[in-house]
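Two complexes, one shared chain (chain A), two partners (chain B, chain C).
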Partner chain A sequence: MGYSLNFSVVWRNFDKLWGGLVLSLELAVVSLAIGVVIGLVLAVVHVSGGRFTRMAIAVYVEAFRNTPLILLVYLVFYGLPQVVDLRYDATTSFVATLSVYAGAYLVEVFRSGLEAIPRGQIDAGRAIGLTPAQRLFHVRLPAMIRITLPALSNTFISLFKDTSVASVIAVPELTWGAQWINLNTFRIVEAYLMATAMYLATGYVMLFSLRLVERRFRVGRNA
Partner chain B sequence: MNPPLLTIRDLRKSFGKTEVLKSVDLDVGRGEVVAVIGPSGSGKTTLLRCINFLEAYDGGSIRIDDSEVGYNDARKRRGERALARMRAETGMVFQSFNLFPHLTAAGNIMLGLTKVRRKSRSEARDIAKVWLERVGLGHKADALPSELSGGQQQRVGIARAVAMEPKILLLDEITSALDPELVGEVLEVVRGLAAEGMTMLMVTHEIAFARDASSRLVFMADGAVAAEGPPADLIASAEANPRLNSFLARFRASNF
Partner chain C sequence: MLDAMIYALPFLLEGLWITVVVSILTVSISLVAGLALGCALVYGPLPLRLLVRIFSDTIRGIPILVLIFFVYYGFPAIGIDFDSFWAAVTALTLFKTAQVIEYVRGAVASIPRGQSEAAMAIGLTFSERLVSVIFPQALRRFLPPWINGVTDAVKGSALVSLLGVTDLMYAINQVIGRTYEAMPLYVLGAVIYFVINFSLSTLSRRLERRFSFVQA
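Let's turn to the complex of A and B:
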């Protein structure tokens, strides 16, 4: 008994996959943006804060990095509304979860980036009379971004793949689109093969373009 | 005679248990060029870093124009803004250039002018242009540090410091990270500044340059000033000072 591939049903429902891909990208971009804000703020607080704030941040980072994303998604979508009086749809819930999850990774990325800045550059900023805040904005953060750019693009690509977890709470992203086709047409292999191909192709395009951006920064903006 | 611009008395500084500056006394007058020489580890860099308070010192006093560097009258550390204002009055040029890698040559010079001196961008750019011209890099205003040679980077480093119009310029072995053929172009710039009356305190291993370009030579050993005087006199009297003599012996063989 052979399974003969037939992609025609997939093509007929391709809008589900295409719309899913677009939503996946949107989820990744928005979560990255919010995660970057969380990560930046906490990284700066961490390197300048006292022992207690450092510990609080470490707890957040460890908790979110060591819990499977899918559990966090369930907890936030099903669990949290039971405890607090909040209403939100699945997409909002997922974006919130993925953002905080990304933030936990990015705190570490930014923190080590800030610590990797050569001391001499900071001394140079002090020597010309910059205040601590001016040094942060005009010396440390620009230097840190250049150091962390590769890690940042890797995080973005994993976030894009992580968006597939949103299918478990019926957010209509790419994986959910494939599930829908499977449930409605029973073309399981075709649906998932096509989704896989779309993840791969998008991932490669991202990787390629982000590396181009990094290279521009490296050639032009290195010490 | 006018009171000195910089007055250092009984300056002491330790890192943990290591006493690096034991008791340094030193005056630098307005327009004077003082060169500091001495063996590795004698505390020369630490001395310069204390003068613009990149390092807090433990005892003694450093006064510039009669105001105590880093501490107020009650000997409490000044606030960060006050410290920043004081540091802007002392220019520093580093051994490893320490240019801001994300800014162009002009941008490196403009940062302090716009953020600290509160000049407009266009005014800052004009000043940067003038100084880049002065150090022979007028054509490199838009180059990033990564696109410049070591000698060029160091000249930008000097321009960045002097553009702030500091009262005194501190130079810490500014040619020792350079390939020998690039040393000359940087020393030339320093010579020009000296001729114009810039007050300078420079740590250097270029003994011949120190002898020719400075009005006074200071020999540091073991965290204190061990000898000082006009370069020619100090070098001539070296026989009488065993530590200075053995320090200078290394250089006699080559360029002396």
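Let's turn to the complex of A and C:
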């Protein structure tokens, strides 16, 4: 054995980990935002659309939910530029991948949220003379957001963890930072201990603050 | 494009075999460990419950990728030495075990209190209550999410390629390294993973519908 921990090199290169953590969070936030847009649009289309559109959305959802994220990351970064004439850097490529991946999960979340809205609320909206668009924006979407908030925060936290996969295409996020320290100092145990602690701490801070937000907006508070 | 796929197929099938082996090992070991620890979490004494809770929350808070690297590079430093294959299986199993613990907890918690109170009232012992009252009902709650979680294990197993384990993902990258035709190979790989996981999630959904008569 004879391995003794020495964190000094980790502290000396802490900027790599800290910058990585910040980038991880940014990747998660941006992907969640784009994913929410994709998910919302497709969920509304799904609920009101015909047989064919439902089919198409189901194909998208199942395709992305049943394929490993790492494969999708490779496919978009190394595969796609071979067939379409597009140039993009690794970070853009990863954000695009994770957004579409997140969208596939969020469609289902929002769709079940829309279906869980009590019928009476929509009928009430109709009774007071709201147009379909008004019913969507003033009745169904606000109600749905409240219902889906817990699922949304869980998705956010798993996206944050999924950003670690970006290291395979050298996006300098937290896992990549740990790898960098390992490659340059060989202090691998310390680097990964520190990265792990940072993932855990950030994850739990996110979890507790999101639970506070959820409590504030809980369904039935006076709905 | 088709040529590249046909050329690659034998290599991919070899990789697929490793993916299947890793997945089966992960799923079966974690099932046993998760059931035991899950019961410990629900029925164990307080210190044990606390330990299991900490284990589960910690493991589930770490990205699988980091866990894999951690086990592979970190464990040898504390004297536990294993090759990349077993390091990968260990890491994935740890992660899956934490998930199974939560499935067990959720399934047992979904059984109404009245059930075990009624069993107590007719004089069943603790183990009789578990075996003939709680577990048969909890199984229906446990099975659908667990089978659905098997798809997570198969998807997660793609990460072991980063340790140099020649699974399906690794085989795909190896062939691409030789042919430089990335797109057809990644698409083919995605299709293979999809077929496996989609069958599993369809099975899970079917079971869920089949068991949906059980009301919590």
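The rule is simple: the second predicted complex is superposed on the first by the 219 of 223 C-alpha atoms of A that agree within 3 Å, B and C clash if a C-alpha of one lies under 4 Å from a C-alpha of the other, contacts with A are read in each partner's own complex, and residues count from 1 in each chain.
In this section, a residue touches a chain if its C-beta (ideal position, glycine included) is under 8 Å from a C-beta of that chain, and two chains touch if they have at least 3 such contacts.
Please read all numbers here as calculations on a predicted model, not as lab measurements.
When chain A is checked against chain B and against chain C, the one touching more of its residues turns out to be C.
By the touch criterion defined above, A:Ala143 reaches chain B but does not reach chain C.
Contacts of A:Arg65 after superposition on the shared chain: chain C is touched, whereas chain B is not. Contacts of A:Asn182 after superposition on the shared chain: chain C is touched, whereas chain B is not.
In the overlay built on the shared chain, the residue A:Pro118 is in contact with chain B alone; chain C does not reach it. Looking at the shared chain after the overlay, A:Ile128 reaches chain B, while chain C stays out of its contact range. Within the complex, the chain A residues that touch chain C are 1, 3, 62-63, 65-72, 74-75, 78-80, 82-83, 161-165, 167-168, 175, 178-179, 182, 188-189, 192-193, 195-196, 199-200, 203-204.
Residues 52, 54, 80-81, 84-92, 94, 96-103, 111-112, 115-116, 144-146, 160-161, 164 of chain B are the ones touching chain A in the complex. Every residue of chain A that touches chain B in the complex is listed here, in rising order: 118, 120-121, 123-132, 134, 138-139, 142-143, 146, 220-223. The touching residues of chain C, counted against chain A in their complex, run 58, 61-66, 69-70, 73-74, 77-79, 151, 154-159, 161-162, 169, 172-173, 176, 181-183, 185-187, 189-190, 193-194, 197-198, 201.
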